[in-house]
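Below is one structure. I have some questions about it.
First chain written, first letter: the chains are A, B, C and D, and each begins at residue 1.
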Amino acid sequence: MSIATSLQTSATPLGRDDLARLVARDIAPGSFVNLGIGQPTLVSNYLTAEQDITLHTENGMLGMGPEAQGDEIDGDLINAGKIPVTELPGASYFHHADSFAMMRGGHLDICVLGAFQVSVTGDLANWHTGAPGAIPAVGGAMDLATGAKDVFVMMTLLTREGASKIVDSCTYPLTGVGCVTRVYTDKAVFLTGPEGVSVRETFGCTLEELQELVPVPLKAAPAGG
Amino acid sequence: MLTFVDSVNEAVAGIKDGSTVMIGGFGNAGQPFELIDALMDCGATDLTVVNNNAGQGDQGLALLIKEGRVRKMICSFPRQSDSWHFDAKYKAGEIELELVPQGNLAERIRAAGAGIGGFFTPTGYGTMLAEGKETRIIDGRGQVFETPIHADVALIKALKADGKGNLVYRKTARNFGPIMAAAAKQTIVQVSEIVPTGALDPETVVTPGIYVNTIVRIPAGTTEKAA
Amino acid sequence: MSIATSLQTSATPLGRDDLARLVARDIAPGSFVNLGIGQPTLVSNYLTAEQDITLHTENGMLGMGPEAQGDEIDGDLINAGKIPVTELPGASYFHHADSFAMMRGGHLDICVLGAFQVSVTGDLANWHTGAPGAIPAVGGAMDLATGAKDVFVMMTLLTREGASKIVDSCTYPLTGVGCVTRVYTDKAVFLTGPEGVSVRETFGCTLEELQELVPVPLKAAPAGG
Amino acid sequence: MLTFVDSVNEAVAGIKDGSTVMIGGFGNAGQPFELIDALMDCGATDLTVVNNNAGQGDQGLALLIKEGRVRKMICSFPRQSDSWHFDAKYKAGEIELELVPQGNLAERIRAAGAGIGGFFTPTGYGTMLAEGKETRIIDGRGQVFETPIHADVALIKALKADGKGNLVYRKTARNFGPIMAAAAKQTIVQVSEIVPTGALDPETVVTPGIYVNTIVRIPAGTTEKAA
């Protein structure tokens, strides 16, 4: 499998910020993007003005700017994570049904979400551990998962216990079926979908080394994937 | 019939035990804190509350829950770092939870206001939140049947109202306000400012006055305590 | 049937304008009303400022004013009949789906429509003669018929051929089932609904004389109906 | 990707034979006359057209119909005093008609943009327009199942666009514009004015730029010919 070596684009695993930079680089110019809450919001730090990306927040805004600082903080202007943000020129506000219609109607090019698990065919589990007694909370995750044209996941490849989050079939309760198209992890970028999983690049490991960590058969993605 | 009242207590006085009450807001933005406090004071109980969350900290909706006044929550995100009152009631089996994906929550509220009897959506298909629900494949996609959420009362916050009850909102504080106003039999609004009829540009009215029943003014600034 | 005499409130049948005046008088203060197109729009001429009625037009406006005259005419400001109208203080504009959501969601207090036939239980036929070769056109009639809290009909009691338009069961294609609550005609005001038809008042005829024109059993409505 | 073009011919150049084309407007208000003329000039045929009416007089949509370019009309009110071209084609069996109550037309277009697979509505229940459709009783009311109307292209008219494609409309010319923009894969807009990004108040944007693909400016006044 000599192709494996050529997949490696970094000598070390990627940190959260490097991963965010990579996702940002992969977003096509002019895209409309939702970055969910938590880790994926780091991506906004690496979007360039040239990319002209418009950010959507599901609580009713297009054209969201960076996190608000100091005097910019306005309790009426927050993102889906309830963090004060700013407004860019060309922004617009709309109510919750219009905002989710935008997501659910397939108008967003990309959403970026965290995950507990992603299956080889792109099933996503990111809302509920299913643990007895756990109080479930779903927010907008299911709408984003089924609504965006492309669903990117950002996560560490392994749990703290060392288990792969790329799985043959999710054991956690699903957020959406067959919805994830790409998974960005610290050790590799995976493409998922109806044809199963493939690896676009690896970070600090070869495909063979990656295969030892992941319990499903891996193959290199075709160039340009 | 539209009425302007002088106090939040007067505004909520008609809310009966057993009512379904929609409460606007996403986070603190758009939350009608004063109206929620008045709902607390008015004593109405056995409520079904529709809100994105299930109360935070020791105030507002969280207090209503703590005091056992909420029989059922319909929301998308009950669990938060400071949702301890809901958490305790839930674990004690003393509150019912209907967990709804946020987009279904919004669309079901919109459906109630729009006279839609139910709709199919891909959201939630194949997940445990679709268990027991009717599904069908439409254009090759699995979809779930969802029904409207009606309410007896909506408590919302807007920026300005005119004499006809037309409303405008401010930034992301708009969120659930417009759809809740349309979905409830009785819509009670707290606004920062009341302007003369004709002072709002008809092109920019977000909630037409037809959806509004009761308006009370809470001057801006006085509402900041909870933020 | 001595009660019949007391029903008569006019010595002669009502003309279109008198009928419009009567409908206007019957609209409760503060109501939100849609007057459809054609004859019912005459009602707006008789609404008083004290009534504070807000008119809806389904092409996207609340707070419609009188027909535009001279310099007021603006091609972007028309009613459902495509006639230039004016805007009153406190008006608002919205798109077609929001406008019909307002109607279909039961928010309008009253709509006033014309009709070919109304059945004793309030079935309405007003959109299609069903004649072979006729090109059907429905517009917003079915939405108004099913959406408003009260549906009033304004029509002549008899066709040109002398047939009653109040019927036991509509022979024309229906617009809506059991939706009409009141029928204002030149000869009488009828109440319709699940309990059948009754007569609130007659114009230029007694209930007995009216009964001779209408092929369904008539009774006087309870006072206050 | 949003593009600003210099002519209506360029704007419609990508419309293919067999397309479903939504055309905004109610009466003359909001009708994109110049874009319709360009659609006529561009030669696309075998079209399904979604509009409230089916053409009037000897211009615009009526001409498209006269020239046999429209295979099917989806509309609520085809028959008018001056709809002679549609009438002739219809009586000759040369055009298909899907007659839709106006509120169902609006709600079905909205459903397409909102990702709704279908919905139940009381409108049309018990009438010949519900024949052959699925029905059910919901909360004691008969309701009819209606499906979304998607389109390849929407041709609409707005008042102003900014550099991000955000749109505002004017008075009752708003009508079908916003929902058609969301329901079509490709939305082409003629506007009277293009303003710098930032010049539109974000609170008053009616159609966010995400729904807009192509913008062409037709200075106000030049469009009056058809009114």
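Following the convention adopted for this analysis, a residue touches a chain if its C-beta (ideal position, glycine included) is under 8 Å from a C-beta of that chain, and two chains touch if they have at least 3 such contacts.
In this text the structure is predicted, and so the values were computed from the model without any measurement.
The minimum number of touch steps linking chain A to chain C comes to 2. Identification of common neighbours of chain B and chain D yields A, C. C-beta contact counts were set side by side for A-D and C-D; C-D has more. One simple way to say how far apart two chains are is to compare their mean CA positions; for chain B and chain C this gives 35 Å.
The mean-CA centres of chain A and chain B are about 30 angstrom from one another, to the nearest whole unit.
Shared interface positions of chain D, i.e. residues touching 2 or more other chains, are given as 107, 110, 114-116, 121-122, 169-171, 202-203. Within chain C, contacts with two or more other chains are made by residues 61, 87, 93-94, 100-101, 103-104, 147.
Remark: the chains found to touch one another pair up as A-B, A-D, B-C, B-D, C-D. Chain A makes touch with chain D in their complex at residues 30, 32, 54, 56, 61-63, 87, 89-94, 100-108, 147.
Of all residues in chain B, only 107, 111, 114-122, 136, 138-139, 141, 143, 147, 168-171, 201-204 touch chain D in the complex they form. Chain C meets chain D in the complex at residues 57-61, 74-79, 82, 87, 93-97, 99-101, 103-104, 123, 128, 133, 135-143, 146-147, 173-177. Here chain B touches chain C in the complex through residues 1-2, 110, 112-116, 162-164, 166, 182, 197-198, 200, 202-203, 205, 208-211, going by the rule given at the top. Of all the residues in chain B, the ones that touch chain A in their complex are 26-30, 76-80, 83, 86-87, 90-91, 97, 99-107, 109-110, 121-129, 142, 169-179, 206, 224, 227.
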